[in-house]
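Should a chain be cited, it is by its letter among A, B, C, D, E and F, assigned in written order, with residues numbered from 1 in that chain.
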Amino acid sequence: MYQSTSLTMQKIELIPNNTLITETPEEGRQLAVKMARLIIKLTQPDADKRTEQREIYANDPIMLIQIGQTVAMEFATISKANNYWK
Amino acid sequence: MYQSTSLTMQKIELIPNNTLITETPEEGRQLAVKMARLIIKLTQPDADKRTEQREIYANDPIMLIQIGQTVAMEFATISKANNYWK
Amino acid sequence: MYQSTSLTMQKIELIPNNTLITETPEEGRQLAVKMARLIIKLTQPDADKRTEQREIYANDPIMLIQIGQTVAMEFATISKANNYWK
Amino acid sequence: MYQSTSLTMQKIELIPNNTLITETPEEGRQLAVKMARLIIKLTQPDADKRTEQREIYANDPIMLIQIGQTVAMEFATISKANNYWK
Amino acid sequence: MYQSTSLTMQKIELIPNNTLITETPEEGRQLAVKMARLIIKLTQPDADKRTEQREIYANDPIMLIQIGQTVAMEFATISKANNYWK
Amino acid sequence: MYQSTSLTMQKIELIPNNTLITETPEEGRQLAVKMARLIIKLTQPDADKRTEQREIYANDPIMLIQIGQTVAMEFATISKANNYWK
């Protein structure tokens, strides 16, 4: 579909199961975390480097906060998609 | 459900009581703070390190501001889920 | 309600009067500022340190901008809660 | 109304004319800029310091970008309040 | 309309054609870029300095990312105004 | 349409196929990534420099996180445009 652009894209699955719908808020939150991680995987495909980087994230307070903001953004979208599991 | 991905996830509860619904705005705000903290816990599972890091956050103005932004984002979602407690 | 988590929380009021509803946009904006400040108070409970930090914020342009972003986020939620005071 | 909290607040008007409603998108955009500036004024009440700081903003690319983000956030709220001037 | 405040504002047009409505998503995206640039122009009115700054943006990865975030924010508003061109 | 402003714009396509509508969440996510990249391309048109910069992004944890935030923002808009593929 997007082959008309000059952009290439890694062939990794960016949204597990290709749906934003989850059964519970907890699963929706886990999906938010996974979607955030998969963008990092797309940008840095080397698994060893990602392992190194996760050590850096985990020990740097500002990065921990920023990861929290990323998850909050993804979760906002997932929550709406699920009508807040009401 | 997500075992088809190569991502592993800590087995911690990311949303207390597995619901975004709270009785009051005050409880919704507390939930926003907890959800933000639980993402930090997921990323940095070592309790001693988190205690050290909280000392850093509390004394660094830019981190305090960024924590505020994270809470604001989580609270936006929780507020909508509760129809603003109207 | 949240005692099943291992998170402790300061016993401070995070939302004055426990409502997002205000009579006017101006009061809504003031509430946004207060809610943002109360998250800082939660994270840094020492009043003297907060006074020192406010001196830092007020004299650091990037922090002033970031405070503005925090208020904008809180105000977005408050404005929706009040249906934009229409 | 908020005197029950220990927070003090400068007596400045945070929202000109106490309304989010404007006649045109252009006026809505100007209101977004003003609301962003008034939060800076609230946090740094000294006019001379603000003049100095504006010189810093104007010459620092990352600050210019961040100011743009602040205005975008305020404008999102104002646009909704005005139903996008449709 | 805003002369009752002490804020002065450059007399530049902040929203081209004074409307958020565009015919296509592509034009909406271009409008998002322009609206973001016009806030920079408002804050830094000197054209020569802006030219210098654009060289800095274009060669600094974090600034490129931040510009992307600004455009994403403006585009969110424009997209809603146009009901996503559906 | 925008020639009345003094802003010049690269003649590149900012939204592939000029639509926000995709068949699946996965394609919507890919579109979010592409839209984010095209803003970088607009700001830094030199392909060799972009290749160098992508090496920098991929190896800098804070940049990886910030890229994730940009994609999350674009995806929020695309998801709404598609009514969350429900």
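Descriptive notes on the structure:
Operating definition for what follows: a residue touches a chain if its C-beta (ideal position, glycine included) is under 8 Å from a C-beta of that chain, and two chains touch if they have at least 3 such contacts.
Every value quoted in this text rests on a predicted model; they were computed, and no experiment measured them.
Note on connectivity: the fewest steps through touching chains from chain A to chain E is 2.
Between chain B and chain F, the least number of touching-chain steps is 2. Superposing the C-alpha atoms of chain E onto those of chain F requires a rotation of 60 degrees, given to the nearest 5. Shared numbers divided by all numbers used gives the overlap of an interface; between chain B and chain C this overlap falls below half, so the copies present different residues.
Mean C-alpha position of chain D lies 16 Å from that of chain E.
One finds 32 Å separating the Cα centroids of chain C and chain F.
The residues of chain D that reach two or more other chains are 13, 57, 62, 66-67, 69, 73, 76, 80, listed in rising order. Judged by the touch criterion defined above, the protein chains form a single closed ring in which each chain touches exactly two others. Taken in their complex, chain D has these residues touching chain E: 13, 16-17, 24-27, 29-31, 33-34, 37-38, 54, 57-59, 61-62, 64-69, 71-73, 75-76, 79-80, 84-86. Across the interface of their complex, chain F is touched by residues 1-2, 4-5, 7, 9, 13-15, 18-21, 35-36, 39-40, 42-44, 46, 49, 53, 56-57, 60, 62-63, 66-67, 69-70, 73-74, 76-77, 80-81 of chain A.
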